[in-house]
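Chain nomenclature is as follows: A, B, C and D, assigned in order of appearance, with residue numbering initiated at 1 for each chain independently.
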Amino acid sequence: MDTANLKQGIGEIFASPNSDEMRDFFRKKKKLIEDKRTTVKDAVQKYVHNGDYLAIGGFGGVRIPTALVHEVVRQKKKDLGFSGHVSTHDCQILSAGNCFNRCDAAYIVGLEARGLSKNARRVFESGNIKVTEWTNGALSWRFKAAAMGLPYLPSRVMLGTDTFKYSGAKEGLCPFTGQKLALLPALYPDVAFIHVHRADIYGNCQIEGILVADDDIAKASKRVIVTTEKIISNEEIRREPHKTVIPYWCVDAVIEIPYGSYPGNMPGEYYSDEEHLMEWLKTEKDPEAFKAFIDKNIYNTKSFYEYLELNGGMKKILKLKQIEHLF
Amino acid sequence: MDTANLKQGIGEIFASPNSDEMRDFFRKKKKLIEDKRTTVKDAVQKYVHNGDYLAIGGFGGVRIPTALVHEVVRQKKKDLGFSGHVSTHDCQILSAGNCFNRCDAAYIVGLEARGLSKNARRVFESGNIKVTEWTNGALSWRFKAAAMGLPYLPSRVMLGTDTFKYSGAKEGLCPFTGQKLALLPALYPDVAFIHVHRADIYGNCQIEGILVADDDIAKASKRVIVTTEKIISNEEIRREPHKTVIPYWCVDAVIEIPYGSYPGNMPGEYYSDEEHLMEWLKTEKDPEAFKAFIDKNIYNTKSFYEYLELNGGMKKILKLKQIEHLF
Amino acid sequence: MELMISIAARSLEDGAVVVVGTGVPCAAAMLAQMTQSPNLTVLFEAGGIAPLLPAMPISVGDSRTTYKGLKATSMAEIMELCQAGIVDYCFLGGAQIDKYGNLNSTIIGDNHNKPKTRFPGSGGANDLASLCWKTLVVTPQNKQRFATKVDFITTPGYLEGGNSRTEAGLPKNTGPHRVITDIGVYGYHEYSKEMQLISLHPGKTIQDVKDNAEFEIIIPDNYEITKEPTSEELTALREKVDPSKVIIGRG
Amino acid sequence: MELMISIAARSLEDGAVVVVGTGVPCAAAMLAQMTQSPNLTVLFEAGGIAPLLPAMPISVGDSRTTYKGLKATSMAEIMELCQAGIVDYCFLGGAQIDKYGNLNSTIIGDNHNKPKTRFPGSGGANDLASLCWKTLVVTPQNKQRFATKVDFITTPGYLEGGNSRTEAGLPKNTGPHRVITDIGVYGYHEYSKEMQLISLHPGKTIQDVKDNAEFEIIIPDNYEITKEPTSEELTALREKVDPSKVIIGRG
């Protein structure tokens, strides 16, 4: 096979794809079935360090671990790497806190149909952030490679484009068919945040609706912090084994946070708060006003519920529940 | 990277791993949402041809499509290839009919703790069957590669063994880490048989308990015949989208066959008929007696229910339901 | 806008599988299901499969994309279905498109480390355009968007034209199919793979086509005039698909 | 048999994850959970994760392997967990084992096309022995099974000893850990990776060890005498694990 003209991306690979390093980590990690409940503050203090590579579950404005992302800003974490795997409102929050210096970008700085985040753009246009380009599929498969205990997975995307040129992928030929493929290095994050519908105190989690990549992210990450709408008993988990998406051994911390995906949508529970998300986008246009907005909503709030109160509290939640259920 | 000393297996690859050939097949295959109900006889006549490569869902003695496998024997299909992916009682039935001439072997000729099938061994010791060796994991991943639309997947199994030597795998090095890997060619069967708990008339299927590899097999195969314990409405399928394991476009034929996994176990419904399975193993020791046994149970029965009647009918099923639920 | 949605809807035949985003593509798919294609299967890249959409989703991952759906799954599985050749169509947009249908949604400027403007990037666009059989683009047309050279090829069209797309290793027989704008409908030349006019919208002129593209668009003699939306299409669109006029309201 | 199960159970520490088959391994895991390892997580290769076993499963895929389990999944996912380094122990058997712990469960004879005896093949054995950290083998001991050269290396032990296992590309720090027979318990030499005696069962002699192996087993001076099952172990085994004596009934 002619492997002479195979190309490779010039983008930096921010985390080692070596599966033996991750095997060694898991070999030493105890898998005790113990009560993992804690607080947002303690979990972020204990499991998130400056410089860590962070993966955030959900889909930007759907089933997002808002409380944890706010706390990262509140605790002024710095120099994080993060995977922009449909990172919309979460990318917007992290940008507001200037928490990261490198990013695997598949989808960033935008809020889908709602528009672009002026402040996130400012951050990414500053020249201070190292960006490696990927696609949603490529990042999903990089997490899957890690979840499978592999150093890479082949794919058929990105070939021939600038996205490939600025990625960390390599071209390769199938040893059986000679087909040209884009080989994707496994992505093993240091820490992951995931919001779920139900979890027991050991970290066994159930998710309704789309998984996005959260089953793979949970297995791929060294440390996983879960926030959950509801804590349920282990008996309840065992009643429907097919519903368990994330098993306990992946999880380091569990925090019960009803309405924890606000202002994002929580499938089957409440819809996204479009007014508040538009307020974010609007306020970002004026740096001064935005600073005050972030002080008010994040730095000067002690908890997620203070933030929720500021923006309508249970009245707002009830309205969002109605939108979710009555459409 | 030193690719000089990379080994490759001498085993034959029985089906093309080229994903473009499968893409072309699916491109031409219409995906109409139509009533796919038919009979076992018609489905096997229409979708199984001599020489086809066959994949069978379930786990040998758990959730197996017995009626379809019997019908293959009854219609005297010949020269099939098949994947011995924990193929226990199904391998035993196909061996009784001398239906195949090649096999990807991960687990064959045995019935787990119950013992070895004398007749299946006779077939595989005859020298008339081409056998390529694999492992349960390797065959699972070969189906997964096909389901993902890839020509191969890397893995870390089989290295250094005779299983690798007699397989169709190739050693390769990770282009990112240099780790040595066993590369597995995708497996695209011509036809697959799968027994499920519930399906609608379009072929959307729900499965309780373990999936084994059936989600991937359904996507990997050119044609899929589903037998189901129960046909449910499309509305019922849509009530719990997360329960749909196999989507309609994978499926060509749907046949409602309550107790269709007999004499195998159907998780949550009825346990395996250990007496009858022991009768198979015992009878196989005497070729004459076994011929009569197969005539009686397969060739001279017109349908699966005649076979079930011969072996205890609903009385037996009720007993197996009790074992399943009361243990 | 109603015209563009109707054209998009007509291009989705019965029994096809399409991955859509929010907005126009979603409206087009819903309209197609209500008119000529009741068996059209709609997927959302985030994991929603064949929902009975109760309302327009705002996010391609929100709960409406799985409402009474046939399956709720992962993004990886949706992309794998595309990679396996199951998906016939995808709908895309972008900040820039060139004559070979290459799309830019990553940056404006020539310095990737310090771009003049940063856009979201590929999202699922590169995946879908690489893997689905036919790519449909719906976009307003002007000189800035229809650029001779896009600043960044985020998503593959026919790359440098001719056979360059398959030579790059992308799956055979895939590629840009139609570009639907406010001026006309465009396809691609059989061999050169350059953009060419298929039909001109009522009231638009060839001059409009030329004035609103930086590159030269092939104008064959036999181009057509786009058919106006039928009253059936308009009724479905206004009363069932988008009663609150979220999308058809736009310019 | 009760002794072998007890020894196997003792080797599974609390907080470990183990993949078991039916029979002795399953009994050992259940016993361990009832004694020193309440936090032992039991997986079955077919897809069952941490069931509350109501009875001995007959198949590693039957419904008992998911009864009140933490998760019911696919075989691929179980093997991927092993590949990712999550699983500490696996239990295997085989028709033949050599001094490096290589196992044969494929054929007897030297012609793969026309074997004297065909066995099932690898099943999941090669996967588990390649990927799990420590491989435990439970087997009756005799000259036929303890062979100088196995007819077919189905499942990797230390291959040719020394570093040959890692040189073959198998994950670092994995390999055979213990062999538990009706005569004694064996481990492997730190460097040569040859089988060596760890403890001799009560009433057995070094001569028994030698007479029942075709190859030479290293006999260190400091081998121990196997501890008999405690009354606690026997009670749990007879009353809770296997009351119907399906397994402990065997020879």
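Operating definition for what follows: a contact is a pair of C-beta atoms (placed from the backbone, for glycine too) under 8 Å apart; a residue touches a chain by one contact, two chains touch by 3 or more.
Bear in mind the structure is a predicted one, so any value in this text is a computation, not a measurement.
Peer 1: Tell me the fewest steps from subunit C to subunit D, where a step is a jump to a chain it touches.
Peer 2: Minimum number of steps from subunit C to subunit D: 2.
Peer 1: Provide the C-alpha centroid distance between subunit A and subunit B, rounded to the nearest whole angstrom.
Peer 2: 38
Peer 1: How many angstrom between the C-alpha centroids of subunit C and subunit B?
Peer 2: 40
Peer 1: Could you work out how far the Cα centre of subunit B sits from that of subunit D, in whole Å?
Peer 2: Going by mean C-alpha positions, subunit B sits 28 Å from subunit D.
Peer 1: Among the residues of subunit C, pick out those that touch two or more other chains and give their numbers.
Peer 2: 66, 72, 82-83, 131, 171
Peer 1: Which subunit A residues reach two or more other chains?
Peer 2: If we look for residues of subunit A contacting two or more partner chains, we find 19-20, 149-150, 155-156, 179, 181, 208-209, 241-242.
Peer 1: When you draw the chains as points and link the ones that touch, which shape shows up: line, ring, star, complete, or other?
Peer 2: other
Peer 1: Which chains touch which?
Peer 2: A-B, A-C, A-D, B-C, B-D
Peer 1: Under the touch definition given earlier, write down the residues of subunit C that touch subunit A in their complex.
Peer 2: 22-23, 45-48, 54-55, 58-66, 72-76, 79, 82-83, 102, 106, 112-127, 130-131, 152-156, 159, 164-165, 168-171
Peer 1: Can you tell me which positions in subunit A touch subunit B when the two form their complex?
Peer 2: Going by the criterion above, the answer is residues 13, 16-20, 149-156, 170, 172, 174-177, 179, 181, 183, 185, 208-209, 241-243.
Peer 1: Touching residues of subunit D toward subunit A in the complex: what are they?
Peer 2: Residues in contact with subunit A: 14-17, 39, 41, 49, 51-52, 66, 68-72, 80-86, 88, 131, 133, 171-173.
Peer 1: Give the list of subunit B residues in touch with subunit D in this complex.
Peer 2: Residues 58-62, 84, 86, 88, 105-110, 112-114, 116, 121, 124-127, 130-131, 133-138, 140-141, 143-144, 155-163, 166, 171, 179-182, 208-213, 215-216, 265-268, 271-272, 274, 324, 327.
Peer 1: Okay, in this complex, where on subunit A does subunit D touch?
Peer 2: Touching subunit D: residues 19-20, 22-27, 30-34, 146-150, 204, 219, 237-239, 241-242, 244, 247-249 of subunit A.
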